[in-house]
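In what follows, structures are represented as structure tokens.
Same chain, two partners: chain A is paired with chain B first, then with chain C.
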Partner chain A sequence: MKQYLRVFTQLIKNSISMLTAYRADLLMRVLIGFGWSAASIITIEIIFLHTQELSGWGKSDMILLLFTFALTVDLLSNLGKGIEDLEDLIRLGTFDTIITKPIDSQFYTVFRQPNIAGLLYFVAHQLPFVIILILYPTNISWHFLPVYILFIILSNILWLSLKTIFITMNFWWQNVGNIHFLLFSIAEIGKYPMTIFPYLMQFVFYTILPIGFLAVVPSSTLLGIFSWTSLVGMISITFLFFFLSRILWQKAVREYSSASG
Partner chain B sequence: MLNKYTTLINIMWQRGLAYRFTIFAYRIGEIAEMLVLLLMWSAIFTGTSTIQGYTLNEMLTYILFGNLVNTITRNFAAAGIGRDIKDGRLSLFLLKPMKHVRYALASEIGRASLPFVLSLITQLLVVLLFHDKFLYNTDPVTLLVILGMILLAFLLEFELSYLAGLIAFWTDEVDGLYTTMERVKKFFSGGYFPLSLLPATFITVSFALPFAYSFFVPAQLYLKKIDLSMGLKGLGVQLLWIVVLAMIIRVVWKRGIRKYEGVGI
Partner chain C sequence: MIKKYFTTFSTTLSETYTYRAQTLVWVLNSIAWVAVFPFVWLTVYGQRESIAGFERAALFTYFFLVPTIDIFINSWVYESMQHMIKDGSVVNYVQKPINYIGYMFSRARGWQTSQTVITILISGVLYLFLHPYLAFPAPNWQLLWFIPVAAVGIMVAFLFGTIIGLISFFTTEGGWLKHFWWMLTTIASGYLIPIQFFPSGLQHILSFTPFPLILQTPIFTLLNRMSVSEIVFQLFVGLIWIIGLSVAVYALWHNGSKRFDSIGI
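Up next is the complex of A and B:
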């Protein structure tokens, strides 16, 4: 464990030093972060000019939902950005250099290139949401904050596990390079209250493709809608998908045949 | 003369076939996004029959038809051009007996044709799913004007994308910028919601800008929310923008090529 922490710290340091080489890019990412949150907030403002609620969610609830969604898909995901290059690693045969290292190959593939610039984008993106949530009246039940934080940690692990499962498919199917874009697009559904969907879709989003757990469950909890079922569900689903990603990865690595021969 | 461009289109079509899963994956994602919009607006319409003059069926038709137009007109030339400049591959084109902008246009037509066919099929399937809500407009003149608008919108979108791609002459990190520009374009084209939900001044301005012709205006025309004369005026505005953007591209290309370092040579 200590060894992994040391490696991870070193990878972060490398990423920070690379960041200083691209200062213009850094500024651009911060501006883009602000721009995207502004666009989301304007869209919500416009929609709520014409309705009081969206399937039981008010305006400030929706802001919290968007804030939570980004907390889930942009936080740990940026630190584990390396997994998105797996297709190239397999196609070019450079994955060989990873499996020969004296470290868990899944850990190293996922965390070898932490995207610190992406984290700065994340902070810039979240800031306007935080300001709105502080300045305007919300239905937040602050005593549920510890449970919310626990849910955020779990949903980050869940998201990274889902991403890993999808991208691991590259080991078997060489023509599915951008498979993670499919997951990204579908995950966008997690920005909306699940109650707008028909029951069958809700069932899918809480089981087979559990994107309902990414932001809706944590946000609902902070809004005071807590149940032990959601806590048990959140923990079970996260661990189930995490272990599924481990099993798939280990099977894939066993069956991997280098592209370079 | 035309042969080299048709060859290019053919090559890009073949390349598309090799990456058919990627295209299919994008399509699934787009359908998911569209379904969310349809369901979200259905939820908003619970308890109200009209919003800013739109009935639920009109709103759903707006989303379905607008997205259909958008799948034809949108393009991703910027990223490719940006990569050519960044990686120094542009040097190869400078030696070829064709203008880069024409090469990029032919490539884009070839690249877009397979996703277009797939999009058309899947989009029609979604329309079928909502067939009881979808409003049909069979007026041939209106449909003809819309078709003209779509063709011009394709060219306009290409020019905007090409121009965005040329930014790579001045900066290395452009991917985030392209994605943001895509979002901004979608917002101003009425892709997230009809521009009619915004103040009237905004609509007037958007009619004069090139973005709304890829989604909002054709959908409005289809829904008979604007009359044919407005549609014809729109075609004129589009033509004007095509000329203006072509001139801007010329200037930016000339300045950019002076700055071009040709990495890798």
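Up next is the complex of A and C:
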């Protein structure tokens, strides 16, 4: 564990030093972070020009949902950005250099290139939401804050696990290196209350493709809608998908045959 | 003259067959991205039949058409241009007796044609299930306006994409520009919401920009939601933009290819 922490710290340091090489890009990413939150806020504003609530969620509740969604998909996922290059690693044969290292290959593949610029983008993206939530507060149940934080940690693990599962498919389906983009698009669903969907879709989004757990469950909790079922569900689904990603990865590495000559 | 571009187009079409799984994933990606919005808006409609002059079925049809029109008209040419400029392979096209911009246009159309066919096939299957919720206008001559509208939209999107791609000649950090363009088109073209739902002042400003031509105007033309004078006005705006963007593309290519250094063996 100590060794992994040391490696991770070093990888973070490397990423920070890389930042200085792309300073203009960094600044623009921060501006784009503001821009994307503006896009989301405009969308919400336009939706709420025509309604008072969206399936029981008010305007500020929706902003909280967007804030939580970004907290889930942009935090740990940026630190684990390296997984997104897996298709390149396999195709170019450079994955060989990873499996020969004396470290868990999944850990190293996922965390080898922490995206610090992405984290700055994340901060810039969240700031307008925070300002709106301060100016137009919603009914937050502060006593559920510890549960909310626990849910955020779990949903970060869940999202990274889902991403890893999708991208691990590249070991078998080399011709669909873009499959994780499909997951990103599907994940957009998580920015809206699940109750807007028909029951069958809600069932899918809480089980097979648990997008509903990413932001809706944590946000509902902070808004005072807490149930033990959601806590048990969140923990079970996160562990299930985390272990599924581990099992799938190990199977993939066992069956991996090098592409290099 | 035209033959070499047609050959490029048909070669690209065959290439997409080789990468058919990847092509299918891109198409599914486009469909998945907009799939949430009909549900959001149906919830907003509630018991109402119309919002901002938009009937419930018309809005559902709008979102049904978004993936097909997006894939057919929008352009992602900057992805390969940025890549070619960064890895130096663009130099091959500086020397060849083919216009690089024309070559990239033919390739882009090749990819997009096959993706559009797949999208139409998938939409056809979806239509079987969704047709009670959709409302297409009866065939009429006004639908023919779609041809010039689509042509202008394609040119506008391609020229913008080319400008973003060619800027890589001058900066190594072009990723942000791509994101900026996505952001702008997402809001201003009508991806998330038809522009008709925007406040009227904003709608007025956007009507002078080329963004509606990339998505909303072609869909509205197909849905018969625009008068002839509105279509003509949009085409006029689009043509002015095409002239301006073409000048910018020429200047960027001319100056960019001049300052591009390549060392071969």
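In the analysis below, the second predicted complex is superposed on the first by the 260 of 261 C-alpha atoms of A that agree within 3 Å, B and C clash if a C-alpha of one lies under 4 Å from a C-alpha of the other, contacts with A are read in each partner's own complex, and residues count from 1 in each chain.
Assume a residue touches a chain if its C-beta (ideal position, glycine included) is under 8 Å from a C-beta of that chain, and two chains touch if they have at least 3 such contacts.
Since this is a predicted model, take the numbers as computed values, not measurements.
S.K.: Once the two structures are overlaid on chain A, check if chain B and chain C clash or fit side by side.
M.R.: With chain A as the common anchor, chain B and chain C collide in the superposed model.
S.K.: Which partner chains sit in contact with A:207 here, chain B, chain C, both or neither? Use first/second/both/neither.
M.R.: neither
S.K.: Just chain B (first), just chain C (second), both, or neither: which does A:139 touch?
M.R.: Neither chain B nor chain C is touched by A:139.
S.K.: Regarding the shared-chain residue A:97, is it in contact with chain B (first), chain C (second), both, or neither?
M.R.: So A:97 meets neither chain B nor chain C here.
S.K.: By the touch definition at the top of the document, which applies to A:35: first (chain B), second (chain C), both, or neither?
M.R.: A:35: touches chain B and chain C.
S.K.: Which chain A residues lie in the overlap of the chain B contact set and the chain C contact set?
M.R.: 22, 24-25, 28-29, 32, 35-36, 39, 43, 46-47, 49-51, 54-55, 173, 175-179, 181-182, 185-186, 188-189, 192, 196-197
S.K.: Inside the complex, what are the residues of chain A that reach chain B?
M.R.: My answer: residues 22, 24-25, 28-29, 32, 35-36, 39, 43, 46-47, 49-51, 54-55, 121, 173, 175-179, 181-182, 184-186, 188-189, 192, 195-197.
S.K.: Can you tell me which positions in chain C touch chain A when the two form their complex?
M.R.: Residue list for chain C touching chain A: 19, 21-22, 25-26, 28-30, 32-33, 35-36, 39-40, 42-44, 46, 51-52, 171-173, 175-177, 179-180, 183, 186-187, 192-193, 197-199.
S.K.: Please give the residue numbers of chain B that touch chain A in the complex, ascending.
M.R.: 18-22, 25-26, 28-30, 32-33, 36, 39-40, 42-44, 48, 51-52, 171-173, 176-177, 179-180, 183-184, 187, 192-193, 197-198
S.K.: In the complex, go through chain A and note every residue touching chain C.
M.R.: Residue positions touching the partner: 22, 24-25, 28-29, 31-32, 35-36, 39, 42-43, 46-47, 49-51, 54-55, 173, 175-179, 181-182, 185-186, 188-189, 191-192, 196-197.
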